[in-house]
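Below you'll find a set of structures to go through.
Same chain, two partners: chain A is paired with chain B first, then with chain C.
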Partner chain A sequence: MNDMTLTERAVNATENKITARNVQVYYGENHAIKDVDVDILDKTVTAFIGPSGCGKSTFLRCLNRMNDTIDICRVTGEILLDNEDIYDRRVDPVQLRAKVGMVFQKPNPFPKSIYDNVAYGPKIHGLTRNRAELDETVEASLRKAALWNEVKDRLTAPGTGLSGGQQQRLCIARAIATSPEVLLMDEPCSALDPIATAQVEELIDELRTNYSVVIVTHSMQQAARVSQKTAFFHLGHLVEYGDTDKIFTNPTDPRTESYITGRIG
Partner chain B sequence: MTLPTIIISTRAALKAVPPSIRDAALGVGASKMQSVFHHVLPLAMPGVLTGTIIGLAQALGETAPLLLIGMVGYVATNTPDGFIDGFVSPNSAMPAQIYEWAKRADPAFYERAWGGIIILLVFLLSMNIIAIILRRKFERRW
Partner chain C sequence: MSDHILSAFDRDLEAVQALVVKMGGIVEEQILNSARALETRDADLAKTVRERDRAVDQLEEKINEEAARLIALRAPAARDLRVALSVIKISASLERVGDYAKNIAKRSKVLLDSPPINGTPAAIRRMAQATEAMLKDALDSYIQRDVDLARDVRTRDLEVDQMYNALFREFLTYMLEDPRNITPCMHLHFIAKNIERMGDHATSIAEQVIYLVTGELPDDTRPKSSSVIETEV
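So, the complex of A and B:
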């Protein structure tokens, strides 16, 4: 619906935000991610596409160490955020997750008020000194998530009472309230109807001005609409990574071509 | 006798908290402790409380185990003589006391037994009602 605005903004950032080298992920014996090298740019939307089970979510969760919460999961290789190894022993995964926010597949607001949902991150990280500052952060985050106008009169209403699309935008607001540098989204629209999806996609495009956004999607149309860079995963390998236009019009790898033309999936 | 009831309902209540809530908390950078104490436990609390109250109510009404373990000291006076005495003199639980009273022939003891039964009934009923109200009040859908 907003193809025009999407194409107007050109890729203007070339700075690397995340650099992954030789990343391997194992779930017990299962080798889920094999030799992945990728450079994720700042202020860019990067899409991960590929058939289900190919490891998109797994790789995404490596980027904010959410995989640490799965006992059998083992990650090797190097992942640098601003040239610092995030798997270094001195890095606190809790602090890292404030810098690398995450939005999940199913909207999962806390069963608390809308205000508390957004305020939770800043509160636990002590980002605000008083109530007024917290109010400000909450308002700014909700505005950035394009939700402020819809909820400003009922900030004390429970977040779980919103519609699915609003809940997902609330989760986005909650993620950006800790002022992260990177936003990871795992199929953020798969539980939403087309209108809510369009709103979230529009929002993702706006978020690009401030954040580096990585989005996993099973919809190739969505990847083509919102992203500037696309990575195609297949059976744990990163098969092809490059400009979205190029991946969709002129892929180099035959596997990418068969996937985007719908022959494998 | 109460512990199994409490443990089972506590486990069920903890399991009923969706993992997505834990992920959400970890995702905004809460530590494991924070995710448990800020989100999982408060959400599971109503379930834990209901289980505890129902377990206690059940224990209050139980006579047989008390007879077996010998918690049947007969209390003759209504008030203990002083603070310490309250703890060290023979004591009893309501059902056992009623049992003792009802055994005796004198009609005065019958009256006491009736009184005891009414008190016990009121107690049990109100505890169960509190449990139901708690459960209703905190029932949540995700």
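So, the complex of A and C:
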């Protein structure tokens, strides 16, 4: 049946980008993530779904060491990005986050101009040598984020003056300006209206030609629409991980079935 | 499986499935009545069967509407999605079975004009009963979500096919004996063929039950009789 799969849904990558093995996360005494093993593919959109408090955001935040900022949080196990342990002592978290970008639930542009929002990352990481190169990076990032045409005449206007959907796309442009390899998105559309959501979803689908995208979403329909792989988390466990169409038509685990059909929250 | 958090979703799923069960009940009666009308040469009963087909068609339309509404408004996934898809396919099968019953009723009216052919209406009634039993069990397997019963229905299609093949040869003999038998035997043959097709639809319903419960259609390994085309006359 595989040759019958619509090309649109096909996963065209087979290479692992991120490999997680036996990952445990503790918040003080609370064991938030239990024995998670997962292989996240390159050039693929992977969705994490599950009820509130199941650990999906916590696990996402492990992937670029955002949990380092929480004092009581302890991560054990192994998370490899391109076969290199991201929790290795020699890894600089700031450099890691340039490679593993993140977009948050609420659009959070800096209180700066549209241009400076995007230029910030390349500047602090010293990715461009001169103004012309920076201009180029800003334009390319805004174009990839499908925002260029809407803002090209007002690059000096404050980023906070854009609409919600535009602000979120600005944050995506900011995240991809440092040429990351992985893009983590934590409920990127939950503060957006349906039109802006559709635009961001279209963008996510385009981004997967260049990046590995991992998205946490509460909307199962969104996971079904944008992802090729879906992981279902429940009570800190990774219950089921597989092709999105399989998860939504014929999941293996009864807990997955109960969740996606709206029987457990 | 436990209930949905949104109880209206359960009510919608139950409502559309209740329509399928209702439709199935009517279609079962239509099969038996059409065979009885043929055997007892009952023109009134044949007329009732023809008229009742409209109710079957309306139910199919209603089921399709409800299933479309369910898909649009509830975005069902996994087993719920398979329920929505299976009611559409099962009701389409039932509608076809209903049409065959109606066609039998039409032909039995025509057959009133010619003398009865010895024994065949009873043989057709037995075939209709076997097929009705298959359909009943297919619908029961649907209601009970009973995969074993559904698999049993699939294998029983062979018996109906064999009954059809036997009748086919019998009709050929009658027609060779006396050309005046040709008109009634042609009608009787179509009637037998209709019943044989009903068996195929009952099988198809059983396969939908297997898909509904397991998520996969059964592979094509059930026993099949050699077709009449290969039968030597």
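We take it that the second predicted complex is superposed on the first by the 257 of 265 C-alpha atoms of A that agree within 3 Å, B and C clash if a C-alpha of one lies under 4 Å from a C-alpha of the other, contacts with A are read in each partner's own complex, and residues count from 1 in each chain.
As a working rule, contacts are C-beta pairs under 8 Å (C-beta built on N, C-alpha and C of every residue); 3 or more make two chains touch, one makes a residue touch a chain.
Nothing here was measured: the structure is a model prediction, and the numbers come from that model.
When both complexes are superposed on chain A, chain B and chain C end up sitting side by side without clashing. In the superposition on chain A, A:262 makes contact with chain C only, not with chain B. Once the two complexes are overlaid on the shared chain, A:160 sits against chain B while remaining clear of chain C.
With chain A used for the fit, chain A forms the apex of an angle whose arms reach the C-alpha centres of chain B and chain C; rounded to a multiple of 10, it measures 140°. In the superposed model, A:248 makes contact with chain C only, not with chain B.
In the superposed model, more residues of chain A are touched by B than by the other of chain B and chain C. Contacts of A:124 after superposition: chain B is touched, whereas chain C is not reached. Using the contact criterion defined above for the overlaid structures, shared-chain residue A:220 touches chain C, although it does not reach chain B. Shared-chain residue A:66: touches chain B; no touch with chain C.
Shortest separation of chain B and chain C in the overlay equals 33 Å (C-alpha atoms, whole Å). Residue ranges of chain A in contact with chain C, taken from their complex: 220-221, 224, 248-251, 257-258, 260-265.
Per the touch definition, chain C reaches chain A in the complex via residues 1-6, 9, 75-82, 215-216. Residue ranges of chain A in contact with chain B, taken from their complex: 64, 66, 69, 94-98, 101-104, 106, 108-111, 120-121, 124-125, 160, 171, 174-175, 177-178.
Interface residues of chain B, counted against chain A in their complex, comprise 18, 20-21, 23-31, 34, 38-39, 43, 140-142.
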